[in-house]
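Handing you a structure now.
Chain lettering (A, B, C, D, E, F, G and H) follows the sequence in which the chains are written, and residue indices restart at 1 in each chain.
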């Protein structure tokens, strides 16, 4: 990992964007890295898009805002549109190809099309699309130990949602597999 | 019985389904395969001929998405 | 980082208050600080302490007034327009010499404004809008860790001076998550028992009264001079600041809270550009630090004040600088957190930033 | 072809900002249609309060003034006193009207200000994320009553219409809802009557509307309507509390 | 010799600051005697509001807290919630309670705060020199209603007790006066009952007392009492509005 | 003095408002400004204009907000704790760009304080307690005549900038009687029609909306920058002050309002003592005069700030002086109007008064 | 009938006369020739023997000026 | 008249102290002098003592407060006590000898004992005691033309109280007479 990684996660409200970002921050904290999670807390009403920033670093984090992201995870087209120009040249972009059919040109060194919704549906629960994406993200970035992620997931689901652990893990695994098997990417 | 013709302002539909719920003749449904820009499923009419132009769907729609005309 | 937990700023504020011994919380919902009360609504109940959602900010600060006057550790939290509504109550707290902690999580203004992070309530916090010659002690931390540390201490400071203490953060600190250690030690202060409190006469000897009314102007003046004496003591003892890279800076930046973090990053970039830039970071904004300004090397080329507002702390810097060095200003408004590059640019074009 | 129903001219083109299935939208239509049908749009000034309906100043097709949280009735008073021939209404949530703004509302009512209050009671603070409102039901879980509202700790739900029925200056006061077509029609009649009374200078008029907040109640829009019908109306009975036009009032 | 009557131990030695013949003084005695007789003085915290009774913090022989204008019920809530075993009362005028402070008072009542409100209604702003109060009678001339209160312009006198009778959290609510010996005795019984209910944890208790302001009414103390008896009680009938101890309430 | 009438300050304020074209007044009783509303309760009624006693200061400022938003000339008046309660409303007025006149008659604080004349609400007036980067234009006259002149003009200034304007006096000016001429001319300003007002669409073309909400931070920033532009224009055009004896003073005193009158007498006494003392008397305290400070002769020995408070305008003087001259302070608190001899003494012992 | 003995805290009497008004046997009056420090006329008893110790005067006195004792 | 005269008037509330002072200010204004009237507006409640200051001057008045009064009018003992030390050596003091039996030493060049209440009572209305005092004050100070004072009185009484004009004038005259006939004074 670099000394510091700036990550942007964006999508529709309800797509699990915030939880995606928080899982990264929790995992970083558990691995004794520094982490900062910043939501863009939108209008007091619902709807529209949601996004958050995560910074993971080996030393204390100063500025909570960054100009360009090292990694962008876009769950829908409006989000991709909004942040496509705010990615570092050598950055990594993952987008939800279930919803984004025509991503257009993206100038980043790695671009991954992840059919997150489709995979989640095939697993039987559209809600875990974000975990599919997370799996792909973890695999392509090489961040965090699988055990850390699993532990965090357990913590976040808590007792009340413990029964959802298997499908979430399956989704993460499926996401990882997509990358291992070479999800459509261009450099 | 008058017959109705429905027009939807699809872009602004929020897919709440209240129109579907309240249609007395049950001819409305949400099309899982079509989505507007906001990610909401579109409302379709199964059989417009059965529409009695009661406008219940339109009145109950919080977002004034539906226009109901009476076919003569 | 073994003892650290990742936590949202607002929730950390709430938990820190509990660790600081808060006995009662009264507040009214407003974005971006709702997590403070949401957290406490559960936690205080579990602890057998008092949580009450008031019907308004005015009611909340007056419930605080009642609890404080009867001798309890008490707090409220709110955001910009909500703090505006508390001003009469804050002036009364100060006038009646009551300890209380007020958390202000700033958003963009004026009026309803927006809900993004801002520092445009600096005047509101340090000059107040309440009436009379009073001061609120105001701490403005830059990280969740520092917010937690300051929160815990705030209750002691309030009790020590029998004065309201404000913890002033922008919405970003409230909303973001960062790892934090809740067990860092708090400066010990000798806190006498609250034998002045009016919580029922069987709690103390004699009859206690709490009030801020002195119809005789000479009595009221004496009361005011007594308050001033406390404020002088607070200036002596509670002024808090951090110096960054202040050995022999070409420029000095003054910034607090989130803005100071952005400045830290800017300084790193500037250092790479071989520009030596230091920072005075006030942690208490009232009392505002004076000594570090006197200590700035005279060959420093200027002071740049950076705020997420259009220039409020600027007043205090100009007063403390007292004409010694050129002063410039960089600020963003409306809820925008500037990027480090903007600060870098402002330093590189300092002359265009001059305000004097 | 005849148009049986279309979006009211009393609404602007701006898409509503409410969550899917939120009945704020239905209530907006009723207000808009009433003003349109009574031909009042161009002499009306609406007052948008703070709550999810804060953006209503963008939705109603008349002059609109957005105002501080809870103070809509005072703002409306300032407008009406200086524009006695205008039609002035406020659109307020239960947090806005029943909690922080109750003083302004009571005093406007008591002075008999000739204004109309559209009071949207959804038993929760919608905009700020679902905190307890003074109208929340006993047992209702909210973000600030995580164990459910408890009468002993939080008091009982406040009955605004019942209280206001004791105030002389009130000319018309009804509690309605919009959980089905019949209720919607009835609510519209009430709103129209309120505006008509205002036009006639009869004094303070208020329509309380039980409304949904599917998002913060954690319910589907459909279940939310059911909750209104089955739970809310038990605590907040639908009825005409006062009608100056009907002399039979007690 | 037996002492038949002497100044209550519930009052301090400080001479009262009220004008000659002002019945604030009588009401003070009743509160003081009640607390003394119930043996509550040393667990009581009184809240002095802003009005002529602002100095009451110097008069009642218990712990006292002076507070911002209108906010006594919120201040009392802050005290009582943190001192559940204390006895907490407020002493408020009609400007303080019925005008600026109505929100705080209603919400304390609605939450059923276990406190006692002594509400002194003299139909005027005494301390500030005789301005119109929301309780001023129709036709009453005040410094801000120089032509007399007019229902159309100012609204009708506000009926606090009537409104509060609609609030669930209220355990006891009576309107009394002190215009003659019988009324004084009755008022004392009401105040004592309110404190007793508080001691028993029954909830919110309030006694409204019609009181005089000879100076601002421009009347002798005697004529002022007559005006209360003859004019005020017509508008503000003396009665028990709510009594949780009596289950017959409607 | 043929055209002059002897009048109580508060009543003169009321009458001046009428002459200034006020169409509606909303207020709530508080000493020492009750005569303003008492006078208007009769006079506005007779004129067929609007007078309404609100249920609270919060309601009053919001009635003002409604009347202003719908295009009327409107005012309120209050005193210290009452002004504190209006802070949210004032911030909204500024944020929504609404013209209104607010009269603040200061009494001693903090809290309930007392009812004697004070100048301890200078921060409250010039820094506000409302949220956000806004400014209220504040005039602080010294005599009933000047109060009347300023009141009349205040409505035009408010309309011109679409911004709240405050007239700030101490209780003495409100309570005392002095002869005054109501017919002095007002500076003419070009005031465009209020075609922005939301008073019903048949009053204008298109649909008007009034609001201070901009959820998008970039829009909110743009709005703030627009406000700042107005403030810059006000600084250019509305800065008002008087210079007394400023040719070549040994010392300069800065004072406003009643305090300035006391200083005038002190200067006379000092002149007899052969000490040449001048005075900068700000009439607008926001915008605060800058030019006269730059123009002070450099051999002047110091600037003495005199206030009926414990030092609030002092901040502005220090900022404007910017270290050029030694600054000293003399103030009384709690409602005491100092006697000229006290000021004389402070000048004679200037060194002991130094605050820098 | 019990007989009463009255004591007045004259310094703090405000001369409102309520005691005079309410005494059922009309034995109290205001002495125009005696004034306390505040300028108020003092209350006198015409014939204390007629006092029935009912304490009405004391109860109605807003300023708690009067102490009533029962003579045995 | 001096260039500037500082006057203090003090007494019980209800003794007409404020009106006394205002009449001087009105009279000065009518005679085209400068005048300033400053009440000490007491506690918001009634009772206790009341006082006001009047400055009458030939040029604009600066400070509204003064250290020592040139003339003191004391309607009762507490007022005399309060202000006795705040009179110029060459000042004039008038006190209400109906209420102040033992004035004690007063260091002013002229001290006049005016039995204002007694004279007023003898005229049949205790309310005009302040006018008796005013008559004495005007006579001893030589301020203002009688016509001015009469005119002001008329204005202040207005139509509603016009019937009180004669007794007020009689009271003023009686006050003047006391001085003319040498009311007990010492120098």
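In the analysis below, contacts are C-beta pairs under 8 Å (C-beta built on N, C-alpha and C of every residue); 3 or more make two chains touch, one makes a residue touch a chain.
Since the model is a prediction, treat every value here as computed from it, not as a measurement.
Q: Find out how few touching-chain steps suffice to connect chain E with chain G.
A: Minimal hop count between chain E and chain G: 1.
Q: For this structure, which two chains have more C-beta pairs in contact than any other pair?
A: That would be the chain pair C-F.
Q: So the centre of each chain is just the mean of its C-alpha atoms; given that, what is the distance between chain A and chain D in Å?
A: Those two chain centres are 41 Å apart.
Q: Taking each chain's centre as its mean C-alpha position, how far apart are chain B and chain H in Å?
A: About 87 Å separates the centre of chain B from that of chain H.
Q: Roughly how far is chain B from chain E, going centre to centre by Cα mean, in whole Å?
A: Centre-to-centre distance between chain B and chain E: 59 Å.
Q: Can you pull out the residues of chain G that are in contact with at least two other chains?
A: 14
Q: Considering chain E alone, which of its residues make contact with at least two other chains?
A: 18-20, 54-55, 66, 68, 99-100, 102-103, 107, 127-129, 134, 154
Q: Could you pull out the residues of chain H that touch at least 2 other chains?
A: Within chain H, residues 43-44, 47 contact more than one other chain.
Q: Which positions of chain D touch chain F when the two form their complex?
A: Interface residues on chain D, with respect to chain F: 12, 41-45, 47-48, 54-55, 57-58, 61-68, 71, 74-83, 86-87, 103-104, 107.
Q: Per the contact definition, I'd like the list of chain G residues that touch chain E in the complex.
A: Listed in rising order, the residues of chain G that touch chain E are 4-5, 9, 11-12, 14-18, 21-22, 40, 53, 55-56, 58-64, 66-72.
Q: Please name which positions on chain E make contact with chain G in the complex.
A: Chain E residues touching chain G: 1-8, 11, 15-16, 18-26, 28-29, 180-181, 184, 214, 220-222, 225.
Q: Report the residues of chain C in contact with chain D in the complex, numbered from low to high.
A: 28-31, 34, 37-38, 41-42, 45, 53, 55-57, 81, 111-112
Q: For the complex, give me every residue of chain F touching chain D.
A: Touching chain D: residues 23-24, 26, 50, 52, 54-56, 58-60, 62-70, 72, 74, 88-89, 92, 96, 198-202, 207-213 of chain F.
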